[in-house]
Every structure is written in C-alpha cells, then in structure tokens.
Amino acid sequence: MPLPWLLVLLPWAGAAVLAFLPRERVAALTNCGISALSFLLALALLAAPQGVTGWTRLDALNLPLLLLAFLIGLTTAIYSLGAIAAEGLDPRRLRAFHVAFQLFMGAQALALLADNLGVMWVAIEVATLASVLMVGLHGTPAAIEAAWKFFILCGVGIALALLGTIILHLAAQPVIGAGEGLSWAALRAVAARCDPGVLNLAFVFLLVGYGTKAGLVPLHSWLPDAEAEGPVAISAVLSGLLLNAAMLAVLRAKAIVGAHPETVPPGALLLAFGLASVLVAAFALWRRRDARRFFAWSSILHMGLAATGFGLGGAAGNLAGLLHMLGHSLAKSAVFFGIGAAVRLRGSQRIADLGGLCIAAPALGWALAIGIAAVAGLPPFALFASEYLLVTEAAARHPWAILPLGLGLLAAVAAKVRVLQALCLGDPPTGPAAGPADWTSLGPIWAHLVLALLLGVALPGPLRALLGEAAGVAG
Amino acid sequence: MGFGQLPYDVAHLLGGGMLLLSFMLLYQRRVAAVVSVLAAQGAVLALAAAWQGWVQGAPQLYLTALVAAVAKAGFIPLALHWMIRRLALARGVDAALGIGPSLIAGVALVALAVAVALPITTGAQALAREDLAIALSVVLLGMLMMITRRNAILQVVGLMSLENGLVLAAIGVAGMPLVVELSTAALVMLVLVVAGVFVFQMRERLDSLDIALLHPHRGEGE
Amino acid sequence: MLVLGAVLTQALHVTLMLAAAPLVVGVIRWLKARMQGRRGASPLQPFRDLAKLCAKRPLLAENASLVSEAAPYLALAATLVAAALVPGFAHGMAFAPAADLVLVAGLLALARMALALAGMDAGTAFGGLGAAREMSFAVFAEPALLVSALSFAILAGSTNLDQIGAVFRDGALGLRVSLGLAAVAMVAVALAENARIPVDNPATHLELTMVHEAMLLEASGRHLALWELQAALKLTLWLALVAAIFLPFGTAPAGSGPFAWLTGLLAWGAKMGGLCLALAVFEGAIAKMRVFRVPEFLGAALLLALLAAALLFVSTGFA
Amino acid sequence: MLTAIALGLALLGLLALAALVPTGRWAGHWAGPVVLGGSALVSAGIALLAGGALAFGLPEGVLALPFGPAWGGMRLALDGLSAWFLLLLGLTGMAASLFALGGPARGLVAWPLFLGGMVLAVLAADGFTLILGFELMSLASWVLVALDHREAGNREAARLYLVFAALAGICLVPAFGLLGALDFAAIRAAPPEGWRAIAVLALGLVGAGAKAGLVPLHLWLPLAHPAAPSPVSALMSGAMTKVALYVLARLLLDLCGPLQPGWWGVPLLAAGAASALLGALRANLEEDAKAALACSTIENVGLVTMALGLALLFRAADLGPMAALAAGAALLHAMAHGLFKTLLFLVAGAVQHAAGSRRLDRLGGLIHAMPRTAVAALVGIGAAAALPPLSGFASEWLLLQALLGGWRLGEIGLQVAAAAALALAAMAAALAAAAMLRLFGLAFLGRPRSPRGAGAREANRFELAGMAVPAVLTLLIGLFPGLALALAAPGIRVLVGPAAMPPVVGLAIGAGEGHSAYAPLVVILLLGLALALLWLAVRRRSPATAERGPAWNGGFIDPPPEFVFGDPLSQPSAAGMAQPLRRMLGGTLLAAREAVTMPPPADPRPARLASGFEDRAALALPVPAARLGDAIAGQVERLRGLTLRGSLSLGFATLVGLLALLAWLERR
C-alpha cells in the first residue's frame, strides 16, 4: 500500500481503536502514540517519490503542509495529554474527543494529499464534521451555538464547493479523457482548452465554498466562535490545519483556472477577499474581551494575509503566502496552547481575568508573550519574514495595496500589543490560581516558537528549495 | 446527443419539476408539508438520474438514482417526520421573509442563474447547459430557503434541497465519476445524523428550535 | 614685521580692552548723570570700586560650592578671549583668523552659563530667577544675532569679523538698507546682552524685574569685582563689535608702523566715545519695559534681521 | 573585518542565550557580570574595529550570512556611513554596559539582543536584514522599557513605544518594496524615479522619523525613555535614535541616489527645525530629569535631520563643499550627541540611585555629595548647551555655518527657508542651554530638597567608569573635531558623493576655503592662558581666603530650625525655573497654562499656582487616529453581531454578487 494511503488510514484505524478504549489516561497516551507514529510517517514522505498515485498526489506544495499538519497533530496530542483532563468532560465525550481528533487528522491528511478534487472535497467535509463534533463537545449553549453556526455555514460552503467541482468537471468534460475527470493534474493540463466562462463560474463557487472554510471575510462568521468553544486543542488544530487545507483547495482551483489565459484572473478575486479579511479582522481585534476569540479573529487576519500573497501570485507572492500559512499555524497554535494553560490557571478565558501572567507564572507568561509577539509579526519569527516579503511584493506590484495592508497591519499590531500587555504584564488580578504550567504545555509552545524562528531566518537549504518549488507549483 | 428532441424534453421536464418543487418549498407554510415536498423533490431527482442514466448509457447513474430514491425520497423525509413528531414541532412555519417577497426573490435568483449559465456554456451540450441553469436555480433557492426560515429543521431541509441541486448538476454532466454521487449521498446521511444530534441537544438545552434564540448564547455576547 | 606687528597689536588690543572696560562704564554713567542734570561720579569711579572690592574678604554662602569661586574667573576669561577676537583699533591682528562671530557668540554663551550657574549655586530665590530670565532672554537674542550675522555672511562671504570688517571698509558695497536693519537688530541684541535699559536696569538692585544683578546677590569681594569687570568688558566688547562691523573705518593694518596704530587708536577711541554717548542718550531717553515684553522687543529684532536677509536675497546678485 | 564584527554579533546572541539559563547560582551571581561585561567587551571590540576600518581603510565586498529567510540570504557590508554609526554604537554600548555593571542585573536577555539588533541594522546590506535588525532592536528595547511593568504608566509607555516601532517598520518595509531590489547594490544601480521616489521619501521620513522621534511622531519618546532603566534609556537616546537617523540617511541620501530633486531636503529641514524647537522647549518645561533629557534628544535629532536636509539641498544644487559641510555637521553632531546624551542619561541614573528620585523638585545640592558625577555632568551639559570648546559646539558650529551658507542655494524660497531654519536652530541651541542650566542647577546646585537627596552618596566605581568614557570622548571630540571629521570622511562621501572633502583645516574645522574656521585648540589655549593670568593677578591683589556664612538671599529671613533643608520656598523650583519660557513661548507652542488659586482674605490656606502644558503636536496624530480606529472597530462590530441567518445571508449575498459580476463581465 502506498505511503500516502498509510498516512490516511493510520489515524482512522487509530480512531477505531480509541473508540473502544475506556480508560482516559490510556486513551490519551494512545492518542499521543498514534500521532507520533503518523508524524514519523509524514517525515518518511520526504523520501517518498513525488507525483500522482491513484487519487493522491505528493508535490512540493502539500508536502510542507503535511509535515506541519502532523507536527501540530503531535504537539496538540501531547498538549491535550495534560490539558484535556482539565476540560471536565465525561468519559463518553472524552472518548468522542479522541475519536474525532484522529478522524480529523486522517481526513486532514487525505484533504492535503488528494489529487482527485472529489476526494479532496469529501475529505474536507469529513474533517469539518469531525471538528464540528469537537467544537460542540461541551454541549453548553454557547458551544451549541458555535457548532450549529459552524455546521450550517460550512455545510452550505462545502455544498457550493461541490457545485464548483462539478462545474469544473463540466468545463473540462469535452476535452478530458474519461476516468480522470476530476484529477487536478489532468484538469490543469487541459485547462487552457476549456471554456473560460465555465471556468470562471466554477472558480466563483469553489472560492466561495472553500473560502468559507478558510474563513475569508465576508464568509468568516463561523470561525471566531468555533475556535473559541470546545477544548483548546481544537482551536490549535482548527487554526493550524483546517484553514490550511481549505486554502490549499482554493490554491488548487486557482492553479487550474489561472492556467487559462482568458478567464477572469482568479488572483484578483483572491486579493480582494484577502484585503477585506485583513481590514475587517484587524479592526475586529480592537474590541475583543475574550482571549480565544481574539486570536481566532487574528487567524482570519492571517488567512487574509496569506490569501493576499497568493492573490498577488508569482513566485514571491506565493512563497509569501505559503510561508505565512506555515508560520501562522506554528505561532498561532503555540499561542493557543499558552492561552489554554492560562485558562486552566484562572478558570476563565476573559482577557481581564488572565492578566499579569509574567508575575503569576513567569515561564508561561514570557513564553506566551513571545508567542504573541510572533503572531503579531514581530521579528525574528516566520510571520515577520513572510509579511516583509508580502508587503514588499505588494508595494512593487500593486503600490495601492500598501494602504489597506499597512492600515490593517498597524491596527492589528496595535490591538495585539494591547492584549499582549494586558495578558502578560502588570499585576495579576486576585483570584483562583492553579499551579504553574507543566511541560506538556510549555514544551509544545517552545517547540513551535523555535521552529517558527528557524522558518523565519534560518531555513535549511533543502526546505528552502522545497518552498521555492512549492511557490512554482501554486502557479 | 445522438437522440432526437425527446430526451432533451424529458430531462428538461424533470429539471423543471425540481425547480417547481423548490418554489413549493419556499411557498409551503407547514413543516410537515415542507418535508413531503422535499421527499417529492428527491423522487423527481431519482427519476432524472435514471433518465440521464438511460440517455447517457451510464449504468452508475442508475445507482445514483437508487441512492436518491432511497435516501432523499425515502429515509430522510421519514427521519424528518419522525423528528417532527418526537419534538412536536409547531405546525406553522415562521418565515423571516414573507412568502410573497421570498417567491419574488426566488424568481430573481432563477433569472440570475439563467443569466449566468446560458451564455457561458455555449461550448457544452445543450442538455448540460439547461441542467446547469436549473441546478444553479435549485441551489440558490435552497440557500434562499435557509435564509428565510427560522426553524432549525427547515434549515436542514433547505440544505437538503440544495444538495438535490448539486446532484442534479452532477448527473447532468456526462462521465462524472461515481465517487461524487456516492460520497454526496453518504455525506447527506452523515450531515443528517450530525444535524439530528444537534437538533436534539438544542431541544434539550433551549427547548426550542428557533435559532434566533441561539444568538444570545454566542460567546462574548455583544 | 607683519607677524611681530600682529602680535604686538593683539597684545595692545587686549590690554586696551581690559583697561577701557571700567572706563566705558564710568563714562556712560557720567554722561547719563550729566544728562539728568547731576554732577555724577567721576568716570574713573569703577576703577576705585574694583580696587576696593578686591581688597575686601569675599563671603560665600555655606552651601556654595566650588562653582561660586570658579565661575567668575571662567566667565571673565571667556569674555576676555571673545574681546581679544573682536577687531579694535587695528585689523589683521594675531587672532584675526580665529575671530569668528559664531565663536564669539559661543564664548559669550559660555560666560553667560558660568554666570547663571553661579547664580544658582547658593540656591536662593533671586539667583534662580535671574538665571532663568537671563537664559530665556538669550533664547531670543541669539537667533537675532545669528540672523543678522547672515547678512554679513552674504555680503562678506564669511562670518569672520576681520573679513567682514575688511569687506565693509573698502565700501564697495555702498550703503544698504539691509545693513541698517541688521545694525538695529544687533544693537537691540547688545542692549539685551548687556542688561541695559530697556531690557534691564544696570543701576538697580532688589527689584523684581531685574535680571543680571539678581545673579550676583551672593557674590562679594573679588568675586563681585570679577563679575563687575566681566560685565563692563562685555559691554565694551559689544561696542567694539558694533564699531568693527558697522564703522570699520580708520582701523590700522597690523603690519603698519606705530604711527598708523596711533591714528587707528584715535579713530577707535572716537568711535567708542561716540557709541558711549549714543548709548547714554538712548538710555536717558527711554524707560525700562516689563520683563515679559522683552521677547517682543527681541523678536522684533529677529524679524528685522530676517527682513534684512530677505532684502539681500532679493537685491543682491546672489538671489 | 566584517567576519570579526559578525562574530561579535554571534557573541551577543550567545550572551543572550546564556542569560536564558534560569538555574540557581549562575543566574544569581554570575549571569549579570558575565553578560554585561561581555556586552561591554564586545561593544569595545566593535568600536575598535569600526574605528580601525575608518582610519585604515574599509573592507571591500559583502559578507553573506550562512542563514537567511526563505527567499534568499542575509548580507552584511561595512561602508563609511555604517562604520561611523557602528563606532558610535560601540562606544555608547561600552559605556552603558559598564554603567549597568554597577546596578542590579536586569533584562539580561534583552540587553545583548538590543545591542545586536542595532549593530545588525547598521551593518545590513539588504532591506530584509536592515528591517530585521531594526525591529529586533525595537522589540528588545520594548522588553527593557517594560521591565518595571507593575507601574501602569510604564506599561502605557511600553505599549506606545512598541506601536510606534511597528509603525516605523510598516512604513519602512513598503519603502524598500518600492525601491524594487532587495540588495542595496542593486538598488543603487537602479534608483527610484517619479512618484515612486516621492513615496519612498514620504514612507522613509515617517518610518525613520517615528523611531527617531521627529515631531510630530515623538509622542512615545518622553514617555519611554524615563520608563526604562537608565543604561537602557542612555542607549535608546544615544544610539537607537541614531540608528533611525542612519536608516533615514541610508534610505534618502544613499539608496535613492544623487539625482533626486533638491526640494527633497525641505521636508527634512522643516521636520528637523520643528523637532529642534519643540524638543528644546519641552526640555525646559519637563520636571522629570530623564523626561527633560529625552526632550533634548528630540531637539538634537531634529538638528541632525536639518543637517541631512541641507546636505540634500546643497548636493542637488551642485554645491559640493557646502554639501560636505552639512553632511559633516550631521555626522559629527550625531556622534557628539550620542556621546553626551549617553553621558547625561548615565548621570541621571547615578543621581536616581544616589538620591532616589528623578524629579528635579526632590533633588538639589548633589555637587557636594557626588563631586565626580557633578564634573561629568558639567561636561555633559556643556556639550549639550553647545558651549565651546566641547563637542556640541563644534558640531553646531558646522551646522550654523552650513545654514549661514544657505543663501548660496540661489532660489529665493530655499534661501528664506534656510534663513528661518538658521533662526530656529540658534533658538534651539539657546533653549538647550537654558534647559541644561535648569537641569544641572536644580539637581546639583543649591540645597537638597528631600531627606533622601540629603543622604546621597557618590556613584560606585562601575558607574563612574561608565560615565568617564563618554565624558572623556566628549572632551576629545570637542578639542579635535578635525580628526573626528577626518574619520567621518568616508561617511560624508557616502552621503554627498565620492568627490567630497570633509570640512577640515588641519586639526580645526573650516567652512570651506576663504571662510571662517574654528580651532578649538587655540580657544582652549587662550582660555587657559586668560584663566591663569586672571587668577594670578586677582589673587595677588586679594590674597584673603573666602569666608563662609549663611546665604544672604536678598534679606530673606532665616528658616526655622525644623526646616532641615532651609526654607523650600526660598529655593527655585522646577516649575519656577520654567516660568519665563513657559510664558514667552509655551503658550503658543505647547498650550502651556498657569492657574493661580488665591484663597479669600483671612483664609490661612496658601495661594497655589498650578502650571502645566500639553504637547499639541504629539497629540495631534495619535489621538484622532485612535478615535478613527475605534469608530471603524465599532462598524466592524456590527458586522460581527450578525445572527446566523445574517451571516448566511452575507455569504449568500457575496455569492450572488460574484455571480452578477460574472454575468456582467460575460456581457461585455
């Protein structure tokens, strides 16, 4: 069986196993084991030959995303080793959590690996449903509201994406060979000979559909509440993985449609959505009082930035977008880990209740501070590098784009600095405070930050080459 | 298409039937009736799939027809009816947008769908083009229904009829791989299950399915 | 010969300035007294005062620091160096190359700072008040001085006093409106810098509007003598400065023999005398203004200087 | 050479890592001395290397670092300009680190990173490296500013500080984007033209100005500098603002090429003049010693910016010597201010340690308790007040000469602008003198104003060493400005062209051939001679030693015995010293106000005088910006408040809109 399939089936098999593990400790450890195993498998992909095998493909574009996905899967599993106990879930829900988590990981892998657009669609749908279950896990009204919104909006979105896929097939159907009707490679090859009108229609639906998943404004409404409910681990994987998979799907569609010279340039639409997301999210950050929702909005901001990069297109633009996706996943999940630990410390996720971490729990406080700085795009982390490349590219190609970009970035940094100081500095508010954070939360945070640092200013040669190639693949 | 007018007309007829049913969905006031209309739409969909299978000589479409008949015309409506009975839903549907205006909006949407679909697909076969236009309309009408209905179940119904539109579009295209239809059908089931879970949870927490009552519970409030 | 002459004239100039300083003060007082119908003290009175002060044992406040003792020497030394740079009866003296107007202003600022520090050293109310006011007036005086220097720089192509004098002496420039404006501005600055009426009253004590004297309240004995001499020397310096820039005529070339020096000396004496008379008349004619009117006074001077420069931009070929 | 400096950078990074080690005895006893001492050594080494490079020839070529961002490497290069500022960095870094050794060891991780970030920014040979160093410097210094984050005021200062730093970055990055290439050499090869160049000018001015504290972007500066520990504020004021000026010069004078139009200098001249005037005036009104010093930093940054603008003007007008004069003034004043401001902030730190306060109204009479510190302070304020023969006067002499030559620009508008700038520069110098007098007089002269101040002690030897370094350098530069400018010559050539000659006449400095010159050695000789003669003469006439007695104080009655420090009313207060200038200029420029509350007759309460001011220029930008942002945020909130159906409709509307757009496009 080819390696990619293994990578999909292992988590699903794990999910099946976890479904029958009653003891939570054992289940959590098994969860970690499975995640570690699949991470090793993902590493093995580096050696695997690139190209299409059946419904899956392995290329420079999805390889980094896969590695990242399973890395974050592992760190999240380790984190929830310590954290999930504090979520106060009954055994049934706890088991549901573990099952859904592995289900999600497998679907995630499939979504990233898929070459057949239909399969990709199915995988993303499964991942969505799994995450919906995890979001609604607590069953509180707020959780139900978030999950229901998530479910309905993404259900509609995914349906539109399917329609887009079908229309894409309709466009290619006259010129494409039978059987490979939905293969990305094949579609991209023949795209130039398709009817541009149909391609446009297809792209609109794909963009709206997968863009909903990627949380692009104005299709973003589900994201803040979905990431703020459910166990903290969910926030990490949602912002770290699901958004990336959706963005990858958009990229695949863009690559196909963009291959036809006479279509409405897909980059322009993506750019518009990206800039809108940056502006709206940046200013939405100003009035957040809930820490997790704050960083959920910042995920929208960063997805918007990545979309802007891909919308600019070209080697540099795509590289900026890809780098931004990777860096954002690392930094943001690190921050969510930190927030989760802080929430455990204080039993509230309101910013006002979390203050003064640097004094209450210095190790956690400073780690979180650095993490937030990384998310805010301050040096020397990956987001700084990607934003530098993005802004310089925008200035060189569409100077007018500097204004919305700069405005959004400035507003976002202002808001993030405010929250950073509110969370980390000053005297802690008097109130219940548990013991300091343990290694299961600090370890993942530091690991992510170190990786983000390397990704920012000290990327090893081979990976650098890989990313460069990926920028080419994104078209 | 090597055939004469007939296949074209029949396919057109069936598609038009689905569109009509979508309008009836918008028009209906009573939940139970809405679900029955949905069932009817599923049945028509099954017929359309079978006809396309015969026209295109694509056996897998018969399977699609079967799935549609079983799931969309049979199981799902039954499940919904059961739910309605279990939850003793109010008979009447409280629409956010009046019936009349929503019908007008529906017509406008159909016009838009036609405007988008007709000119661009000149390359493709006439059949596919007609189907595309109708499918687009059904999808848009399904979304319109989701917007204009307050009741959670009716939102699910809207989603379902939206999916019907999808399948209609899918079967209209020759050579669409089987995986899509099957996965769609499977997922529709899954969606229904998840939706059911949440509907019951909502019911027990808020003893209402009016999603407007959900809004105040969003985290962080206003 | 040239070098020797330069050195000799320089030495003579310095001693002359030092000797003339008390005399100038004395003369002005005497003239003012005469104009007010009093007999007035003899013009030599300042010399006697200085001698008497030097003979007295100086008294310092308990908490006075070394500043009180060192500042007078520093201030007088700085003023003396500045005075040495200003051309007097002769031009082309030894220090001529260093005779830069900006440097003179800097040295005077140094003396002013020393004076203000000494004023604050004892930590008395009047000392701080005087120091603050002195520095505040300088805030308006210095720009006026430098902007009027701009006019000279444009006409002479340099801020070196000796060169300015040389350019103005040969009269190639003729009479210029802008120079007149600059002259007025500079005279205003001179009045403010030397604490003369209308900016300050040199003859008053313990009056809330005073500036210069307020800083000397704690000084006594030789320190007071040094301060008095410094003030007098500064006044002489300014008169000499005005003379060197606006009345550069009749100065002797340093290289020429003693006879030419003599004529230069006579001319210089005449100029200084005339300026003393003018100052006395002016001070006799007008009254002192309120402290917070001074900025307007000096601001007007600054505007005049700017106007002079602007006129030059327009009129001269440089524009 | 470059490699050695890069190794120094690596060493700084290692020191930061070493400071991370949290464990017991190391963290307790050794981390401080090792990290700070190491920083001092590395800084000294860097200063030596830079000075050597300036004296004996700069290294050719570019050093590519083995690592870098995903799209390319990071490059370092050392030319005249960067070497000059590197020299400044090394010297100030050494002094501040030495001083820090004398105090509690805090912020050990951020300190080397702060130094390293500055060095990296100055050494950078491509846009990314420069911005990386620039922002690293900002982030590290933010940590240092936020060290005392338990006080809300400090937190606010830190927040503003970081936001302004981000603003600087967000303006500079697109500026480099507009320049096109990443590598400096490539940019020089193809300088920007037309509106692109103008956009670069605007962005660069805002970006670098926000970090340098140019009016009206100076709001953060008087808040952040006092908030930080003294060695940090010394470094921020002495070195960091210079790095910002370096970026300004590099971007506008070097990278944009020599062909830019002359009017480019005007905005720099205007911003510089405004900063000089406003900063110097505020320095006279602030009642916190470090805040006053920070404001005087604004003034000096403004002076340097003026000089840079003049250099641009003269260069575009083909006045080579004048351009060199202006550029020399800029570089020399940057160096001079870097040193004496470091010195003054260190003095303020020593005073704070000894007397326990920075508020001028709680100090006084320290010259008796801390004579050595007082001498260092005298050198500092002398230079800051532009008194001969110290370094400040030399550089301001050059600046004034350049301004006095402004009439050579030919065009009347520029001439008038230069004349006005001259007036403002002179006024700023005089204002600085007043501020420095107030600072020294209130802190060191007079009587103590608080028990803690009365019990002050001399600074410890590390602090004295830290102050001695910049003090001696200030004296040396003041005495040998010619040598300093000769060192700066390569930098001047970078700014105004390869043919430029520094305005040097032997050891003295001159405003070009046939113009006046300033020879500090002559001045100091004459001063010394005059002093000696006077002293001898006077002491021969009056040998009596001075006697001590109570201050006469204009007949003010002696204070009652319970007033240990004398009657506080009889000593000038900070507000009182500021009163003349507050009334003369404050009203118009700083919205200064005074309010007297006079109790009715037969009411024993004393009359009170309340005075204050608010910096309109500083509030002119951030406040409306914040208000606007909040308004927009409010609108966005309405978007966020949508119900489920609302958001569904939003998505639906988006889809329909896109379809309509598509249909429309198809029609055409």
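Read from first to last, the chains carry the letters A, B, C and D; within each, the first residue is number 1.
We adopt the following convention: contacts are C-beta pairs under 8 Å (C-beta built on N, C-alpha and C of every residue); 3 or more make two chains touch, one makes a residue touch a chain.
In this text the structure is predicted, and so the values were computed from the model without any measurement.
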Original post:
If you tally contacting C-beta pairs, which pair wins, B-D or C-D?
Top reply: C-D
Subject >> Rounded Å distance between subunit A and subunit C, as computed from the means of their C-alpha atoms >> reply: 77
Subject >> Inter-centroid spacing, subunit D versus subunit B (mean Cα positions, whole Å) >> reply: 69
Original post:
What whole-Å value do you get for the distance between subunit B and subunit C if each is reduced to the mean of its CA atoms?
Top reply: 99
Original post:
In angstrom, rounded to a whole number, how far apart do the mean CA points of subunit C and subunit D lie?
Top reply: 35
Subject >> Multi-chain contact sites of subunit B, meaning residues that touch two or more partners >> reply: 116, 119-120, 143, 146, 211, 214-215
Original post:
Which residue numbers or ranges of subunit C touch two or more of the other chains?
Top reply: none
**OP:** Going through subunit A residue by residue, note those that touch at least 2 other chains and give them in order.
**Re:** 148, 152, 156, 160, 197, 200-201
Subject >> Interchain contacts, given as pairs of chains that touch >> reply: A-B, A-D, B-D, C-D
Original post:
Tell me, which parts of subunit D touch subunit B in their complex?
Top reply: 637, 641, 643-645, 648-649, 652, 655-656, 659-660, 662-663, 666-667
**OP:** Under the touch definition given earlier, write down the residues of subunit D that touch subunit C in their complex.
**Re:** 364-365, 367-368, 382, 385-388, 393, 397, 400-401, 404-405, 407-408, 410, 412, 415-416, 419-420, 422-424, 426-427, 429-431, 433-434, 437-438, 440-442, 445-447, 511, 514-519, 522-523, 526-527, 530-531, 534-535, 538, 541-542, 544-556, 566, 569-572, 576-581, 583-585
**OP:** Provide the residue numbers of subunit D that touch subunit A in the complex, in ascending order.
**Re:** 67-71, 74, 127-128, 131-132, 135-136, 139, 146, 149-150, 152, 155, 158-159, 162-163, 166-167, 170-171, 173-178, 180, 182, 196, 199, 629-630, 632-637, 639-640, 642, 644, 646-648, 650-651, 653-655, 658-659, 662, 665-666
Original post:
Touching subunit A in the complex: which residues of subunit B?
Top reply: 116-117, 119-124, 128, 132, 135-136, 139, 143, 146, 152, 155, 159, 162-163, 165-166, 169-170, 172-177, 179-180, 183-184, 187, 190-191, 194-195, 198, 201-202, 205-206, 211, 214-215, 217-220
Original post:
Where on subunit C does subunit D make contact in their complex?
Top reply: 51, 54-67, 69, 73-74, 76-78, 80-81, 84, 95, 97-98, 100-103, 106-107, 109-110, 112-113, 116-117, 120-129, 131-133, 135-136, 138-143, 145-147, 149-150, 153-154, 157-160, 163, 206, 217-218, 221-223, 225-226, 291-292, 295, 302, 306, 309-310, 312-314, 318-319
